[in-house]
Each structure stands twice: as C-alpha cells, then as structure tokens.
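One chain, subunit A, links the two complexes that follow: it is found with subunit B in the first and with subunit C in the second.
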Partner chain A sequence: MNEFLFIIGALITLGGGILAVIARNLFHAALGLAAALAGIACLFVPIGGELIAVVQVLVYLGAVAVSIVFILMLSPPFYLKRAHRNALKLSGAVGVTLIVAVPLFAAVLSVKSHGGSSDFVPTIDQLGRALLTEFVFPFEIISVLLTVAIIGAIVIARDLPEDDHIMSAAEVAEKEVKA
Partner chain B sequence: MTSLTSYLVLSVILFLCGVFGLMERRNLVGILISIELMLNAASINFMAFNHFLFPGTVTGQIMTLFVIGLAAAEATLFLAIVFAVYRHYRSVNVERVDHLRG
Partner chain C sequence: MTIFEILLRIVLAFGIVVTFVALNALFLVWLERKVSAVIQNRLGPMEVGPLGLFQTLADALKLLGKEMITPTSVDRFVFLLAPIITFLPAPLLVSAIPIAQGIGVSDLNVGALYLMAVSNIAFIGILMAGWSSNNKYSLLGAIRAVAQNVSYEIPMLLAVLTIVLMAGSLKLSEIVKAQETIPFIVLQPVAFLIYFICSIAESNRTPFDLPEAESELVAGYHTEFTGMRFALFFLAEYTQVFVLSAIITTFFLGGWNGPLLHPIVWFFLKTYLVIFVVMWLRWTYPRLRSDQLMNFNWRVLLPLAILNLLVSTVVYRGGW
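Presenting the complex of A and B:
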C-alpha cells in the first residue's frame, strides 16, 4: 500500500512539476503546480505525515494554488501572450540547472539509505504539544508574519485614485494659506 | 522502494524543475510557480529525513508546517506585487521591469 502511494505520488509530482515549468500557457503551468502539490501530499502519507498531507492540501492546494489561478483570471490575459523561446536564455537555464544538479545528486547519492523500518506516526496531540512548547517562538513569529503579509498585500495592491488622495496636515495648511 | 534515497532523488528532481523555471521564465507568475516547486522540494526533504533518520521525533514535520506557512505569506505578497507592477508598467515581464537597473 505504501509503495503504491509512493509510486502514484511520485508520478503525479514529477508530471506536474515538469508541466509547471515547461508549459507555455501560464494557466497550464498553474494547473501543473496544483497537480505537483497534490502528488506531494500523497508522498507524505507513507512517511508518517498524514496531518501534514492534510495541511498541504488545505493550505497549498486550497489557498496558494487557487490564488495563483485567481491572479491569472483577474488580471489582463497576459498568460495568453506566449513568450517566444529564446535559445540563448534556454541554454543558459539548462546550463545553470546542470551545474546545480551535479553537487545535489552527489550529495543525495552519498546519503546512506535506511529502509523504512519505523512505523512511527506522530499524532495531532504530539504535533500540537511540540508546536506550543518547544517551537512556540517560531510559531508566534509565523503568526506575526502572516498578519504583516496580509496588511502589506492590501497596502501594495490597493488602487488609490488620484482624487482620493489623503492630504497630510502640511498639505491642508498650505491649501488654507492659498485660500 | 520507499527509502530515503528515493525520496531525496525525487526532491532533487523537483528542485531542479524549480531552478530551471526560475532561470527560464520571464513572467513574474511563472517565477512564483517555480519558487513554490523549490519550497516543496525542501519540505519533502524535511519529512523524509525526519522519518528515516530520526523516527520518534516531530521536528521535521513542524519545519514542514512552517515552510507551508511561509509559502502562504510569500505567495500573498508576491501576488500583490504582481498587481502593483502590472499597474505601473503594464507588463509582468521581468525584462521590461528594469527601473532599478544600474
């Protein structure tokens, strides 16, 4: 059962990941990303990450992937303008990828493999306790970060028309002097 | 089949997909998609190392939760920036958004 889940998850993840970077239409790339995220959730199940798999589907697939699709739908259809492939840029990207690939594969293949011998699956209770005792500081930082990100996103993305410009005290005083 | 090496090889391939996309895409949303792939490769690594090398602990799983939270915050801000950049430049091609070029 675990092997079946791994193989299915690996195939979906690799297919989705390759589609996400190869597709010329960005909408297809977003769908490839969604497939890859679902495949990764599938991969987490055989290694004792049932809860993380659920969180992955809820947050990544339900929020991040959907918000990427949303921006493609809400914005002018720039994803339909297919960028022509630039041979120089393409070969540069392949070169950089290969340069990164060599040390990564060397490192991965030098790791001693341990066959999945443990059946330990952490319960929600254990994860919650760890989150609120040992990791409470990073947990709070993430909470603050998310709040700041929401406020920052609203501030950056809001579109103030010119006549809605909120005058500062100095500008108000200057206007009164002119009047 | 479900061994540490197979998980690590899978995550390296996913990470390389992300690197390739990051270098090759010229659209900001395409770059965001590549970054998400790389973050996910990192969380696969955290989960696999936790399960195969340190069974009985939850540190790797907690780190994966933090990665997911960070990615959510990052995606929110990135999409807001994409909207702002599009409004300003009428384009999301990173080669046309070069106001800060020295």
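Presenting the complex of A and C:
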C-alpha cells in the first residue's frame, strides 16, 4: 500500500513539475506547480509525516492560488504573441538547473536508505518540543528571515511617487456619494 | 489486508460519502428555499411531494438532462477540470469529521489542520473556473474569492489554534471528548464568533458573497457553466455549508455529546441547527462592500484573534 501511494505521489509530482516547466501558458504552469506540490504532500504520507503532508497542502496550495493572482496581474495578456524562447535563455536555464541539481542529487544518493518504513511516528508534541529546544536557533533564524521578507515586500509595494496618492476604496465610495 | 481489500474499502467509503453529500445538498437547497420563504412571508415550494420536499430532486433531474455548453473561447482543459477540483474537497472534508464515537470514515491525528488544508483546494478550482471562462465577470469573481479566502483564513486558523490549545490535540475525536462537560462555546465565545464569521466568508455566502454577487457579476466564477458542471459548483457550495456547520459542532458545540438522545442524533441536530442559523443570516443581512470586507478582517478579526489566543494561553496554560 505504501509503495502504491509513493508511486502515485511520485507520478503526480513529476507530471506536475514537467508541466510547470514546459507549459507556454503561465496559468497552466502554475497549475502544474500546484499539482507537483500536492504530489509531494502525498509522498510524506507513507513515511508517517502526516503533519508535514497537511502543512504542505495548507501552505503551498494556498500560496499557489496567490501566485496565480500575481501571474494574472503582472504578465501581459495571454492573447498577445509572446517572445520565443531563444537558445541563450534556454541554455542559461539548463545551466542553473544543473548547478542546483548535481549537488542535490549527490546529497540524496549519499544518504543510506533505511529500507522500508520505520516504526517511528513523530507526534506533534515531540515536534513542538524539538522546535523550541534543540532546533530553536534555526527556527528563530527562519522567523527573522520571514519578517525581513514581509517588511521588504511592504517597502517595495509602498514605493510610490509622492503626489501619486492612491485612494482607498472607502475614499472612492465617499467621493461617489458626494458627486 | 490485501491491496484489493483496501481498495474495496476506499471505494465503499467514497460511495457512502458521495451519496450523503448529494442527498444532503438536495435537502439543504429545499431547506434554504423554505427558510427564505418563511422569512419573506411566502410558502416556498409546495407542489412536488409533501411540503415541496421533492422539488430539488426534480430540479436536479432537470439539470442532469440539460446540455453542457462549452463556449468556444474557453481554455477547454482547465474549464472541464475546474468543477471537479472545486467539488473534490467536499467528500474529502466530510470523510474526516467524526459523527459519533468511532463512527466516521477516518479519524486523523492531524484532523483539525487537515480540515483547514483541504478546504484550501476548493479555491484553486474557483480560480481555474474564473480564469478559464475567458469572461471578465468570471475572472473578477474568482479573484475576489481568492482575496477573501486568503484573508479570512488567518483569523480562522488562529481561532482553531485556540481550540487546539484547549483540547491539547489536533485529533477531532479528542477535541470532542475534551468537551464532555462544558462545550468550548462557553469557554471560548470569542473564538467561536471569529470562527463562525470566517467560515461563512470562506464558503462565499451572504453577507460575504462578493465572488458571486449577482447584481454586479452575473453569477461570478460560475457564469459560463451549465448543466451538470454548474450542479457540481452548487453541490460543492451546499456541502461546504454542511461541513462548516459540522466543524463548528465539533469544535465548539461539543460534537456528539448530549443527554438522553443517541450521539448521532445529537450530532446532526446541532449541525442542522447551525445550518439554519447560517441560512437565517443569509436572508437577513445585505452584502458587504469590498473595502468593508477587508477592513473588518484585518483591523478587527485578526487583532482580536491574536489577542484571544494570547489571553487563552495565559489563562488556560499559564500554570496559575
């Protein structure tokens, strides 16, 4: 049963990943990404990582929906003709992929397989204790990093010309009522 | 268990859940029409069956027989997939809810988080529907749905966290057991209010029905869908109402706990009572404006939820 789940999860992940990379339509690429992330959630279930699987769905699928909204907002309309992928860009992408993939692949291969599923089932209690004792330092660093990211995003989004006052919806409504 | 037995169990459980989802939706549509009729001083459906009980069955059969139109300029693949993705979370959510001690398809260790996570999948489906329809009303509706869901999810999760803190477990059956003497609505009235408001917003019902505001957006994200595809959106929406009420029953009203009557009866009694309140709200309040919606969430609900979590932690886990 576990192998069965693993194979299904792996197929969804690979299929979604391939779609995310090769789709010419950005919307389809984002959907492929969503499928890949859901597939990864499936992979956590057979090794007893129920919590991680659920968090994966909770965090990433929500994030994909938001990223789709950003895609729709920031990309040119899909009916316009898009530039072809030239060889330079393509080779650059392949190069970056290789730089990341080779060490990653080597790292994965260097880990000895424990063979089959272990009997160890992590509880949320243990996880919480581990996060706040043994791993408290990396945990705090990630928190700081995320805070920096949020503040950075706000700063970038707020960077408007002085006189370009954007009316809030309430102000617009007020103005309409007066008019 | 062999793989065959496991597959048989999966198919059986899925069949039972989907049958329940369909029957429940038929009943809820009838109930909604009756509730709205009573509130507006009308009779509602009366012709088909006693008190019009079979009216929705007749409507469903009519919908099944209708042609499914696929407009020419839609993104075909996404358009066909969207109703299925939107409907998918409904049976997945129903199967995680414990109806009584030991009765329920599956009682997960991470049940409370699972419910929050799986209900997220629906709005990817909504976004797919809105975008693939190639229609400005659909797209606007879908984007409103995403904005609304993403914002209201945060206070909702904080309210759930308060409940998890009280019960000391993410397992839904444990959460119900923790309420054997006093239901959490008494101990956590603020969390209950926050959760109730947020879950109505997540299910896109009035007063939070901006994604399908018929006076501005025709029918929002499902404008272009016909026949059975439209019915799937409808089914998903009414199952979501059931699920949100069942979750509120589980988290706040003590689930199957209650004197005299059978636990299953108690569970459904409480759930349908919450459903009635949700319908009552729909026919009583007007729709919010977009900015009111966002202001209310970020300036009222979110600070309140954080404060409630802090106070609850100090009071119930502070050690004095």
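In this section, the second predicted complex is superposed on the first by the 115 of 179 C-alpha atoms of A that agree within 3 Å, B and C clash if a C-alpha of one lies under 4 Å from a C-alpha of the other, contacts with A are read in each partner's own complex, and residues count from 1 in each chain.
Here, a residue touches a chain if its C-beta (ideal position, glycine included) is under 8 Å from a C-beta of that chain, and two chains touch if they have at least 3 such contacts.
None of these values were measured; they are calculated from a predicted model.
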| item | value |
| --- | --- |
| Which of subunit B and subunit C A:64 touches, first, second, both or neither | both |
| Touching partner for A:21 - first (subunit B), second (subunit C), both, neither | first |
| Which of subunit B and subunit C A:133 touches, first, second, both or neither | neither |
| First, second, both or neither for A:72, with subunit B first and subunit C second | both |
| Touching partner for A:94 - first (subunit B), second (subunit C), both, neither | first |
| Touched partner set for A:55, first subunit B, second subunit C, both or neither | both |
| Contact breadth on subunit A, by residue count: subunit C or subunit B | B |
| Common interface residues of subunit A - those touching subunit B in one complex and subunit C in the other | 51, 55, 64, 68, 72 |
| Parts of subunit A lying in touch with subunit B, wherever the complex brings them together | 2-3, 6-7, 10, 13-14, 17-18, 20-21, 26, 29-30, 32-33, 36-37, 40, 43-44, 46-49, 51-52, 55-56, 59-60, 63-64, 67-68, 71-72, 75-76, 78-79, 83, 89-90, 92-94, 96-97, 100-101, 104-105, 108-109, 111-118, 120, 122, 126-127, 130-131, 135, 138, 142, 145-146, 148-150, 152-154, 156-157, 159 |
| Residue ranges of subunit A touching subunit C (in the complex, touch as defined) | 1, 4, 25, 27-28, 31, 34, 50-51, 54-55, 57-58, 61-62, 64-66, 68-69, 72, 123-124, 168-170, 173 |
| Footprint of subunit A on subunit C - complex, ascending | 3, 6, 75, 78, 108-110, 113-114, 116-118, 120-121, 123-124, 127-128, 131, 139, 143, 146-147, 149-150, 153, 170, 289-291, 295 |
| Contact footprint of subunit A on subunit B as seen in their complex | 1-10, 12-21, 23-27, 29-30, 32-34, 36-37, 40, 43-44, 47-48, 50-53, 55-56, 58-59, 61-62, 64-66, 68-77, 79-84, 86-87, 91-93 |
